[in-house]
Structure formats: structure tokens, C-alpha cells
Amino acid sequence: AWKGAPEFSTDDGWSFKPRGRMQVDVGSVDGPSGLASANQAHLGTSVEFRRIYLAFDGTMPGGFGYRTEINVANSDVAINDMYLTYKAGRHVTLTLGNQKPNWGLEEMTSDLFTSFQERASYSQAFGFERRIGLNAQYAGKTVVAQLGVFVDDPKSMGGDTNKSWSVDGRLVAMPKVAGGTLHLGGSVHVRTLNDSIPSVTYQARPFVHTTDLRFVKAGIGDATQERGFGLEAAYVKGRFHATAESFWQTVRRSGFKDPTFNGGYAEVGYLLTDDVSTYKRGTYDRIKPKNGFDKGGIGAIQINGRYEWLDLTDAGIVGGRQQTAGISAIWIPIDYVRFIVDYGHIWVKDSPVTANGDASYGVDAMGMRAQFDF
Amino acid sequence: AWKGAPEFSTDDGWSFKPRGRMQVDVGSVDGPSGLASANQAHLGTSVEFRRIYLAFDGTMPGGFGYRTEINVANSDVAINDMYLTYKAGRHVTLTLGNQKPNWGLEEMTSDLFTSFQERASYSQAFGFERRIGLNAQYAGKTVVAQLGVFVDDPKSMGGDTNKSWSVDGRLVAMPKVAGGTLHLGGSVHVRTLNDSIPSVTYQARPFVHTTDLRFVKAGIGDATQERGFGLEAAYVKGRFHATAESFWQTVRRSGFKDPTFNGGYAEVGYLLTDDVSTYKRGTYDRIKPKNGFDKGGIGAIQINGRYEWLDLTDAGIVGGRQQTAGISAIWIPIDYVRFIVDYGHIWVKDSPVTANGDASYGVDAMGMRAQFDF
Amino acid sequence: AWKGAPEFSTDDGWSFKPRGRMQVDVGSVDGPSGLASANQAHLGTSVEFRRIYLAFDGTMPGGFGYRTEINVANSDVAINDMYLTYKAGRHVTLTLGNQKPNWGLEEMTSDLFTSFQERASYSQAFGFERRIGLNAQYAGKTVVAQLGVFVDDPKSMGGDTNKSWSVDGRLVAMPKVAGGTLHLGGSVHVRTLNDSIPSVTYQARPFVHTTDLRFVKAGIGDATQERGFGLEAAYVKGRFHATAESFWQTVRRSGFKDPTFNGGYAEVGYLLTDDVSTYKRGTYDRIKPKNGFDKGGIGAIQINGRYEWLDLTDAGIVGGRQQTAGISAIWIPIDYVRFIVDYGHIWVKDSPVTANGDASYGVDAMGMRAQFDF
């Protein structure tokens, strides 16, 4: 079978498929003129490889499977999905290795299929990443349940002094409602921080990823535990989809008050062409244009609008608050190629990065992405 | 043909096969309570990717072949097997590139098939690694002979000031004896040290790889040459195997006495299931369960016991002595998936790492591994 | 189809092919005896992996294609060809991503097919490299035209302060003349330098790549623009080929005179065996021996002679001048395996690296390469 690249398989359960993706981005950020020149240098227009994944997927007789995926976009190796799976039952899969610890709808959706270049900023801020762990998933027709135990990401675990660990669970119901699919979910994350440096830093870029400047940033020392709680809701029907999520992150500290930070977003999207938005067992999936370039058509075009917020100020910590209103247009000439253009206006408040002494101001950001995968 | 992954080939001599492996380890080390807290921080329980190999193997018409293998487990690139081969005759193969310089039985055996998570500690201590070189191998029915010239590992050779080089030879006889295979071998290694810094460091971790603390460690300055001499013996028959090896490493020094360090081990193993231990031309090979998960069985189960030692104290250098008694259980549900659990007790003597001023003490270590390859 | 490795394809336009190469080099450089010992340490004989490329190539229905190639030879990841292509017409291809910005004949020719281990030294000196950009190519029967806009290489673009960009164009005519192919071309490159550090460094190794010492080196501060202009000529007929190129690089500076540096080479080559030199649409291509090892023959043997120069002294900047006379022998036992041995004598003048106070002296260099690709 072909899925971007050939998938080889045998009747007795062996299969093998190469796998990869490239995302190349242009991003432009226009901040207030009063920023320090060292900060201004990070703005303007930049180009970068956002992601370059190279991987092998496979299955083996007896119910085993695997993925070995690395990300080389930063001219180094970041270990991505890297795991052994075992199908313990018709609906139950165990996964051992580096994987996403059951975050929310947008984070669990592949970065190939998000509605904007970047996910909502709380996703960056609260450290949603892949970690090494053992996870169990039940994926039924109308319910997905996920529960796992995790340590830290592979690079952090490369040393031997990081003893942090977490329990992460997620539950999703996805009933059919009025001819569409309703998605309702929540996730809970309890993480014991046990590294040699007992601190966490929460920060987020403004709308695009090309700049390294963050207008919101909170460093929290004497941290002993992270507790995260997320809510997810979505409705998908034909050309239309709507999503809303919110996440609360509490940091337990020794000798200080425990701050709780919050972020979230609400989004609607619509396909201008005669295509359908795709949802599959707890995440959004690949939109396959009915009339793509391969058939002489123009492919699929989707437009999206979103409001999102991130508040990193609480309990005496002033990390700032960022609200973003964004619009995007996505063009999908064939199933495995995608172009995105998007624009966002960011309202920054109480920022640690001041402009002429002012901690509140507006920022504009625009981006474009070209992407293929196989 | 399928060998974990598909092997593509043509009638006129072309072939190509993707290749990879993942090993994820949990290790736990319990040292004496009197260790300095900076040392204690390296102990306890840790998780790591031990090895992640990604590779392509191939052959070409006219007798040529190749392997391009990298290890990305440490979130970087380590060049592993990386060579061009030429079949110069029915039994003779020339190999040019990065490869193992004809070390002993356990080191030449793939890390996929060792009896414990880690090889005997002298294997780490004496710097057994892959190096760039040109090697010739004669592999007959009852004799394997290997001889090569080598420089250093690819990362060390990345600079241009390392002019070290070595000659490494190994000879193995493998007669059939009493229905089993007897393995008798030896290797000799003479290496001229010619880097800008004329020193070598010999050290070994305690039983598992997850900790970076070494209880035995010898740094030897003014080193001009390394001379290694190894002896190997094994007997493999049906469910049973026994192995014993020892290695002597002498460092020639300018202006100082030349120390000779020694390490070795003796091991027995037995398959509890109706399976056979596998030996092939000078190394152990893949155990293929007769009644694996793919056939509704439980796979193969092997238990192993081992005593090993490493003595890094000689000629005025006190690097310490480490003896380890270990047991392991290996579960192989299908040919290409393997789980290991093992435990070792280490007797440390004359260690540079003291506990409340005491240089001799006991250490306990336990580990688990999950592994697949293709 | 097999092209070193299998190429999988479908009737409706999908294709996929793994791809890779390994080059392992030995190089030896003998400089004047009066060099400082820190410089001498870089000379002598060294071994290195020159290139290790791993890649996937593919095409998709609708005219899209891609390549994802990394170079791991330095025990890290360098992003190489990494792009999405679109066939906009029968002769027109658009390429978006990391690629060569339309340099001259030898630089655009794959490093698999060059006549010496290394390209002419101006190719190193003037920073010919792959950069992220959008390029258009028209490749007709007798004309190739290329024009693109580029930023910088992926590693440099990993930060967000590099705003350099360039326009790079190349035009080649390739008429049939007297039974052979005549190649006449030129390229123009205008690059606005806009990084936080406004300087460029031009330098080149002596003939081989194994040493890190450069006898010619010019650092130019206050640089605002690079302007490059190249001329190319070649004639290929049967066993014979001749090539000549020259390149002028001007650096515009703020507050200083603008230096113009120049380099070039002239080369002839001849196949001793009954084989043909291969040229294809603006570059040299793979020589396929008629009577290779796979057919019981000895393969193809080519000998080459070359004179090349590089002058880094102008407008008050004294980077030195390097002239090299070189000869090489190339042995190609089968299409995808190649061995090179070459020797060069270098005349160094006005070098920043002095020998007993003398800035002009002779250097000898010799090298060997073994290479395969798939």
C-alpha cells in the first residue's frame, strides 16, 4: 500500500514503512518600536526548518509494533516518537518509549494537521513534549481512555540525575450528534519534579516560531510538583469544525504560594472547497482533497479563525499575559502537501519585556509554511 | 525476504535492507550510604535509551557490500558500523571503514544478543569501540581469522591531530565437540598512541549503564602504547552455553613503569523453554523461539549467571578493583523483541570513590531492558 | 527500478527511493619545516569520513517531489538537500528548501563525480554551500537557466538574527560541437549581508580536506554585500573532457575599499579504459564502466590533470595566494563504487601562516578516497 511512501507487508503480520516530513517556515514579527535593540534583533522576518522528521514504522507478528522517529530540523538529533507497541486486545494498546503523555486535543493532533502554523501558546508554555514512559490506551468506538507513567524527555534523561516522573491520564467521549462528531474530553497530569535544579520556566513565542523572543515568561524556583488539568471540546461536521480547549497548570512550591496559570483557545474552521474536515479517535486527522492537483483540481482550501490566551501571572509571579486573535488559510493541493499562511495580532500585558518602560503593547505576526510528508 | 524488515534483492547481486534497533533501559544502583552527596546524585533509579541504531545494508554486483549505521540514542549522531566490504574470495572479506577491531567473543557478539544488559566491565574499561580501519577476515567452517589496521573512532578523527593507529588480530577455532560447538580463541592488539594529549583513562560503570558514576577509574599519563591480549573459550550445546574470557591490557609509558591491567568473566546460561542457544562463526547469534507469540506460545526464556572482575590497580596506579556476581532472565516473545531483567552485586576494593573514607564496599545494581530490532 | 538502491513507484505518479553515500579519505600534507609546531600538528597523515549522506527521494502525483538528505560525517547532523519540488511545466521545476544556489559547473556537479577528491579551492573560499531558498530552473535541450532567492544555510538560520539574503542566477548553453558537447556558462550572485556580525572569512585548505590548517585566509570586517561572478567552459567527447572556470568575488564594505578576490582552474581528463565521460544538463554525471567488476572486467580508469589558483589579496587585505598543480587517478570498479588517488603541489605566497618568517613556500599533499553510493 502507498501512504505517501510505500508500506510493505506480509500476510503473517510483518509490515514496514519509511516515514518523514519537512516543514519550512517564513515568519515575520512586528513589535513596538520602543523595545531594546537586543530584543528588536530577534524580530523582523526569519526563515527556518520548523520540523524535519525521518522515521521507520513497522509491525511484527504476535501483536508488536514500533516507530523510530528523529527530528533533525535544528541540525542535531531530537528523539521524537521512539517506541515499542503491543496490541494487548482489540481496543487496547500498550506503548513503551518516547511518546506524548496524553495531552489535550490540539497537542495530540499531529503537527501536520493543525489549523495554524503553531499550536495555542499554553501548549508551549506548560512544557507539552514527548517523554519516555509506559502508556496504555483503550480506543473504542465512542470512547478513548489513556493512562501512563512517564519520566522526562530523552535529552534530559541523558544525564543520570533527573528523577522526575509523572502520571498522565486522558479521557475522551466522541458521540455522533446531529450528523457530526462531538468531542468532549479532559486530561489530568501530576508530575513530581526531582531534578538537580528545582525550577520550571513557562514561556511562549508570539504566534509564530521563527523568533526566539518571548513576551511572556515566568521562572518559578523551589518547584516540587506540577499539576495540570485540561478540558477539550470540539464539533466536526462536513466542511465545518469548531474547537475549544483550556488548561490549568499549578506549580507546588516549597516555602512559597502555589501559582496556577491558565491558557486556552477557541477556534472555528471551514473548508471553501467541497471537502470534509477529518476527525479520528480523539484527534484531528489528514484532510484528503476530493479534487486535488493529481486529478487536475486545485485541492482543498480551509480558512480558520481563532482567539487564544495565556496568563502567566499569579501568586506574586508576574510572567505576563498574552492574547492572540488569528486567521489562517490552508491550501492542500494533494493529500501529502500543505501550505499555510496566517496572521495574528497579540495583546501583551504585564510583560517582563518592556518597550520604552511600557509592559503592555500590541504585536503583529505573520507566517507562511510549506510542508510535505510521507 | 523478511529479516525484521524487508530485504529487497535482484538476481544479479543487488540487495538493500533498512535496519534499526531500540533499547530502552531502567537501571537502579544502590551504593554505600557514606558516599559524597554529589556521587549519590548519580545513583538511584534512572531511565535511558541505551541504543537507537538506524541503518541501511546493501550489496552490489561484483562482490561489494556496505552498511551505513548511526546511533542516535544520546540525542546526537554517533557513527556506528559504516563501511564498504568486498568479498575477495569464498571465505575472505575485506572491510574498509568504521568497524570493531577484532575484539573478543562478547564484544564481537551483537549487543542484541548479550546475556546481560551490559558486557563485562573490562570491555568498557579497555576502550573496546569501533574504529576506522581496513580489516581482512577469513571465515571458514572451523576457523575464523581476522587482521586489520585501524586509526581511531570517527569523532576522535574529526580533528586532524590524532595520529594514533593500531594492528588488531584475532584467531578462533570452533570444532564440533560432543554434539556441541567448542569455541577457542585469542586476540592481540598493539596500538601506538599519538594524539596531542598522551594519556588514556580506563573506567567502568557498575553493572548497569544508567549511572555515570564509576567506582573504578585509572588515568594514565605519558602513555605511548597500548598492548592488549585476550583469551576466549565457550561451549554451546542445545539449551546450554558457557563462556569465559579474560583480557590483559598493558600501557607503555615514557619515564614510568608499564602497568598491566586485567579483567574477565565466566558465565553459564540455560534456556528454560525448548529452544537452542545460537552460535555462528565466532559470535553468539539470534535465539529464535520455536513457540513464539506469533504462534500463540510464550517465546523463549533464558537464565544466565555470571562472575566477572576488573582490576585497574598495578605499577603504582590505584584505579581499584571491581568484582561482580550477576544473574539475568531474558524473555524473547518473538525473534526480534527481547526483554531483560538482571541483578548484580559488586564488590569494590581500593576505589578512588570513597564512602566515609572507606575505599572498599558493596554495591547493588538492578536493571531492565526492552528491545526490538529490524 | 534499481539505482544503487531500489526505487519503488506506482503508475499514478508515486515513487520512493532511499539514498546514501560514504566517502572515507586518507590525506597527507607536508609543509615547510619552519612552521610553528601548533601548525605542524595539523599536517601529516589523517583519516576522516569526508561525507556520509542518508536520504529519501520521492515523487507524488500532481507534479510534486522531494528530497530529505542529511550529512552525518562529522558525528552530527548537517542538513543537505532538503526540499519540495514542483514540476511547473515540461522543462520548468520549482524547488523550495535547502539547495545549491546556482553556483558553477564543478560546484553544481555532485561530489560523487568530481575529478579530484576536492573541488577547486575558490569553491571553499567563497562560501559555496547549500542555502534555504526558492529556485526556478528551466532545463531545455541546449539551455539551462536557473534563478532563485536564498537566505542562509540551515544551521545559520537556526538563530533568528540572520537576515542575509541573496539573488543567484546561472545560465548555461550546451551545444553539440564536433561530435562532443560544449558547455558555456556564467553565474551572478548578489548577497546582502545582514547578520549581527558584519564580517566574512574566506579561506581554503591545501588540496586535501583532512587538515584544518589553511595557508590562505582573509577576514573582512564591515562587510555589507557579496557580489560573485563566475564563468564556466567545458568540452566533453568520448573518453576526453576539459574544464575551465573562474570566479570573482567582490565584498562591499562600509568605510573601506571593496576588495575583489579571484580563483579558478583548468583541467583535462582522459579515460584509459573504453568508457565515456558523462555530462548531463549543466553538470558532469556518473561514469558507468562498460566492463565492470560485475561483468568480470576491471571497471573504468580515468586520469586527470589540473592547475588551479586562488588569490585572496586585494584592496589592502593580504589573505595570500595559492596555486596548485594536481594529478589524479580514478578507478570505478562498478557504477556505484569509486576510488581516487591524487597528488598536488601547492605554491603559497604572502601567507598569513609563516615558516621561519617566510610567507612564501611550497606544500605537497597526497590523498586517497574510497566511496560508494546508493
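Should a chain be cited, it is by its letter among A, B and C, assigned in written order, with residues numbered from 1 in that chain.
Everything that follows uses one rule, which is that a contact is a pair of C-beta atoms (placed from the backbone, for glycine too) under 8 Å apart; a residue touches a chain by one contact, two chains touch by 3 or more.
As the structure is a prediction and not an experimental result, all values here were calculated from the model.
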When subunit A is superposed on subunit B by its C-alpha atoms, the rotation angle in degrees, nearest 5: 120
Copies subunit C and subunit A - interface residue numbers shared by over half, same or different: different
Distance from the mean Cα position of subunit C to that of subunit A, given in whole angstrom: 39
Touching two or more other chains - residue numbers and ranges from subunit C: 18, 76-77
Residues of subunit C that touch subunit B when the two form their complex: 2, 4-6, 18, 20, 22, 24, 41-42, 44-49, 52, 54, 72-77, 210-213, 292-294, 333-334, 336-337, 370, 372, 374
Contact footprint of subunit B on subunit A as seen in their complex: 8, 10, 12-14, 16, 18, 56, 58, 60-64, 66, 68, 70, 76-79, 82-84, 96-98, 132, 151, 154-155, 157-163, 196
